[in-house]
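Alright, structures below, take your time with them.
Shared between the two complexes below is chain A, which has chain B as its partner in the first and chain C in the second.
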Partner chain A sequence: MFYRQAAIRHTSYDQTKKLYPIPFDKWLVVAVLLVALLAPFMMSGLYLNSYLLPWVIWSTAALSLNLLMGYAGQIHLGYAAVMAIGAYSSVHAMRLGVPFEFALILGGATAMIIGVGFGFTALRVKGLYLAISTLAVQYLVDWVLTHVPAIGGGTQATLQTPTPALLGFEITTDIGRYYLAFGWCALVTIFMLNVKRTGLGRALIAVREKDYAASVLGVNSYYYKLIAFAVSSFFGGVTGAILAFTFFGAVTPEQYSIDISIQILAMVVVGGLGSVLGSFFGAGFILLAPLFLNNMVTGMAEAYDFGVSRSILSHIPLILYGGLIMLFLLFEPLGLAKIYDNIRKYFLVWPFGFSRR
Partner chain B sequence: MFKKQLLTLMPAVLLIFAGNAIAAKEPIKFGLTLDYTKAYVFATPSFGQAIEDYVKYVNMKGGIDGHPIELLNSDHGNEPQRGIEAYERKKREGAIAFEHLSTPVSKAVLPKAMNDKVVMMQMLTGRADAADGEVFPYIFPVSPTYWAMAANIIQYIAESVDDIKKAKVAFTYLDYPFGQEPIPIYKALSEELGFELKLFPISLPGTDQSGVWSNIRRFKPDYVISWSFAQLHNIAMTEMKRNRIPVDKYISVIWISKNDLKSYGFEKAKGVKRVEGVVTGTDSPIVQDILKTLYDTGQGSGPRENVGLLYYMAAFTEMVTVVEGMRLGLEKYGAPLTSEKLKMGLESLKGFDAKGLMAPITITPADHQGGGQTRIAEWDGSEWVPQSDWNAAYSDLVWRVIKEHSTKYKSGQ
Partner chain C sequence: MDLDWWFIGELIVNGANAGLMYSLVALGIVLIYKASGVANLAQGALVMTGGYVVLALAYDAGLPMWLVIPLSMVILFFFGMGIERVVLRRMAGQPLIMIIMLTLGLEILLRGIVPAVWDRGGQSPIIPITLPADAIFIGDMLINTSYLLGGVIAIFLVILFVYFFRTRIGVVSRAVSDDPVAAWSVGISVERSIALSWGLAAVVSAIAGALWGSIQGVDWTLSLLLLKAVAVAILGGLDSIIGAILAGFMLGIAENLAAGFLDDIVGGGTKELVVASVILLTILIRPHGMFGREDIERI
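Up next, the complex of A and B:
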């Protein structure tokens, strides 16, 4: 009934390589895309600016990290620092008169160069050792931002972002900013969906599974690890700049702190390693669940007097949040994307579920 | 039939009328979005408690000219994006002023508040150049900035040493923006007065200070000024003892409370000094009244022990100031009170000392600091004893630095 597979026959290789061989999947994506495009006109400023916009941006960040962690299997604990490099360089570039489009690319390129620099450690160390060496990126960048006035702007500075302008049109409205973030998100999503079908994607996955075995197959694992760091850092840098230009309107070191690195890592893990859909689910859950839980508990406390102090009341959402993360990962260790996949697989053969056994 | 319906409706109609009679005038809403769960937990509970207490107290006395104050509470967990969400939500619910008590959130919300023309209070916290009301019309520190405190500390040192030109001053600070902030003032004053200044940064999280303090010992300072907070003072004092530096050479920024001295020992900490922006303790009449009307009747918003401690009194003083601003705004410009009227109300505060809880401040559209007067207090083993009167030193220099920074903000930095 749903996900109808009847009358789908593959008569050429191109057909088998299609992203969405099942029409239902395709129409679902189109529907979601339409909703996302029309959302700014249906939502109030509150939900557009503090729910949808950050969700889109953080999803892009999770997607970019997923390329490195999910596809190439290289763990990164300092991803917010990579975003910071992109954000600060593009803001400074724009202040020096570089047009917005080029400033974005420049930000991405700077993040890429520095990211690859640290990526070289990945050639020598693996797993937990790599995790710690990427953590160093975070601390080094944090230190530079607070100690080098030429970059950070001084101890108390909030570097405001200049108004972004795309092809000469200044982006000043909430809706314009949303579309800017959404456009970048769409580009990264399309890249991520398609990279799996290319030689690059297959090489990355070979490296992830076992870099030694990949070398035996003729895949230069050193080269592909650096490629993964480069592309992922470029995306991360641009996303960091988009975050500054569209959401915060300024850059400060706190926006790219270690907490954010951990959050993006959590988005990738909770969403599902190597899954495009999972990045969106993960970002939505890690970013928005605390907001919803907090408002829910506050609302309930106003309706029914719990008789506990505000300090304890504020910790209830955290307890629920932690509990939910554990439940999701206990229920399905492969992340939220896998939960969706399970549901989809159930409906794929519904109502003839017995045929799967 | 109709009569029966009418009878069932009667109570509802009565209720509506009764409800109108109680809430005669619409409430004034204040957004209190704090960090109850992450970095500021050492201060937030007593901070929030004080604001809730004072609001309860004002409402019990009939509100401001009949308008009750309503607090819109929420936790933002020190995360900028959650702070923005909370701000946008409370603004929609009608809050005309905010307190965030978190540097990251304040920084993220500040441009939005300026754009929306919503009053943002940041007593004793936040960016110091917000004292310049011309650049930051809706941001209200209404208290001495960290720069003013730094200048006042140096004045105290200049008065207590024989010759300031030969004096040696060590400045030890947590090596991140909060700690680095007063450095320009100290450097400028060291050039002007001729004392020797040496900086001793403590790397985060500040729990290991042993290397720093052995360097300070070698420097042989006359005074050590410290910019840190809460438990980190204990670590500093323990290290001072180890390095045989007398504890009375220690002058702290305002964030050292009676509770923070507990684990080091009240008796051993005798002689520690701090700069004060608000009066602590429960002696003042208004605090006594709070204890009597709220805590004796079991209506306090938290533990009674918190009342009178530093964090409590800082927030309490702020709320007293805000309420006075609201009163002035209502009186001069009439109901309903808006952000703009509150701003003008706050800007007409003249010689206001928050019922004796702080040095008198005078706020004008150009000056949101209000004088920058502080005093030095010394711990005598059981309480903080003021060593000087309220005063502000080197105001020209402080304002020069404020202008320098606010001009930079204006130009986009």
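Up next, the complex of A and C:
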């Protein structure tokens, strides 16, 4: 009914290889795109700034990490550090007079170079060692940001971001900042959707599934892991810069701490490893769930008159991230994307569900 | 340049004792890795849980200290076994990256739940382990007795574990760590052996939690010991108990010397820098650590 398959016949390989073999999917994407483009004019500035903008940016971050974790199967526990490198280097570049567009690319490139530098050490070994060395990178970057005044601006100091200007137009309004973030998000999304269909994407997936087998087939797994690290770090760096320029308006070490790394990890795992749509679901879920639960607990505490200490409330996000990571890994390792897929498969033949049996 | 040798000696001795206490935390990682090849990134939170259990028994239940420690060890033993039974056993056969992420999720969950349940109103109470003196002086060296006690207990536990791996149960768990499928085929209960290792790791965490809690107080920051424990475990070799103790010794001394001499210059925080550098350098130069088995797959 919704996902009508009747009268859709694929008669050539080109048709089956299309991104959206079923027209409904294509129209859904168009509708979502229209809503996203019109959203700034339909909602108040408060909602735009505190819900939609962070969702778009964190989805981009989750997508970038998903390239590494979902496609290439390499764990990264210090992704916030990568974003920090991008943000700080682009802010410094802009302060030195580099135009905004080039500052963004420079931020991404710096993140890529440093990320690949650590990747060289980390990718010689795998699994656990990769996890731990990326964790160590997070602490190293944190240390540099707080202890090197030339980079971090001194202890407890924040660096204000200069006003971004795209092609000579200064971006000063909320709507402009939203479109900037949305444009970058769309670029990364299109890249992620299409990379799976290219040789690069297939090589990455081969490496993820079994690197020996990939090597036997002639896929240089070390090379492709480095590529994945490089591209993912580049995207992460630019996303970190976009986050600083459009959302925070300043850069401080706390914005890119280990907690943020864990948050992005939770987004990727909860959303679904290797799923583009899942990254959007995961980011939205992880951003909204603590707010929602917080309001619910305080609401219930008021309604039923039991005291909830502030410390319990402050622990809710941690409990939620940890619990969600565990629950999804245990019961639905492919995340919210898989749940959506199950629902979609159900409706593919609805109301003739018996036809699948 | 005249160096203050007493000052250096003090840094070395206290650093060594603190380092031995890191090895105590790292012991939990090594035990589980030896038994099942799983890296336990929840060790920091286990230590924190141990500290909170000791605190609850000592303050809330008002039990004397000689009863509190064994009781908390028993509680943590079953807690560790329970984690293995409920969570880890379901993940058997899954990719390693999933299991690592799972233990990390457990770490975050415990770090959130435990302080929320045993809320101390923002305080971080010290566990009351009374020692005859706060500090011993040898010449001009001040030696912190809390750290000294921790160091002695760490060495004692390591000797105990070295002997444990020569007993019948110890041989069984060595067989399981060597080749789980082969061990299974000759009738060894692999699940029980792995559960036992989680239980033992949790017992060690209870001791570590009590000792660290008596020094820096019990709050969520106890779980930050994870990074240091990981550094110690990696430097010593993930499956080597002797390695863990020696690596803790070295890391503690290096860290304290760096903090003593460099903190004034760069403005604090050099301990974290030393720890992170030790991890990266070990992985770069000798991924299997000082005493670990050299079977890490390279690509």
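Simple rule for what comes next: the second predicted complex is superposed on the first by the 319 of 357 C-alpha atoms of A that agree within 3 Å, B and C clash if a C-alpha of one lies under 4 Å from a C-alpha of the other, contacts with A are read in each partner's own complex, and residues count from 1 in each chain.
Here, contacts are C-beta pairs under 8 Å (C-beta built on N, C-alpha and C of every residue); 3 or more make two chains touch, one makes a residue touch a chain.
Just so it is clear, the structure is predicted and the values come from calculations on it, not from any experiment.
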Considering only touches as defined above, state whether A:329 meets chain B (first), chain C (second), both or neither. second
Could you look at A:99 and tell me whether it touches chain B, chain C, both or neither (first, second, both, neither)? neither
Based on the superposed arrangement, let me know which partner A:318 touches: chain B (first), chain C (second), both, or neither? both
For A:124, using the defined touch cut-off, is the partner it touches chain B, chain C, both, or neither? Pick first, second, both or neither. second
I'd like to know which partner A:146 touches here: chain B for first, chain C for second, both or neither. both
Is A:294 contacted by the first partner chain B, the second partner chain C, both or neither? first
Residues of chain A touched, compared between chain B and chain C (which is higher): C
Would you check which partner chain A:201 touches, where first means chain B only, second means chain C only, and both and neither mean what they say? neither
Which of the two partners, first being chain B and second being chain C, lies in contact with A:176: first, second, both, or neither? neither
Answer with first, second, both or neither: which of chain B and chain C does A:255 touch in the superposed model? first
Chain A residues contacted in one complex by chain B, in the other by chain C: 146, 155, 309, 311, 315, 317-318
Residue numbers of chain B touching chain A in their complex, please. 36-37, 41, 44-45, 48, 52, 73-75, 77, 79-82, 84-85, 88-89, 92, 103-104, 107-108, 110-112, 127-129, 175-177, 180-181, 183, 301-302, 405, 408-409, 412-413
Considering the complex alone, what residue numbers of chain A touch chain B? 44-46, 49-51, 54, 95, 146, 153-160, 162, 247-250, 252-255, 257, 259, 287, 290-291, 294-295, 298, 309-311, 313-315, 317-318
Residues of chain A that touch chain C when the two form their complex: 69, 73, 75, 77, 118, 121-129, 131-133, 135-137, 139-140, 142-143, 146-147, 155, 211, 215, 221-222, 225, 262, 265, 269, 309, 311-312, 315-326, 329-330, 333
Can you check the complex and tell me which residues of chain C touch chain A? 39, 41, 87, 90-91, 94-98, 100-102, 104-113, 115-116, 119, 121-122, 227, 230-231, 234, 238, 266-269, 272-273, 275-277, 279-280, 283-284, 287, 296-299
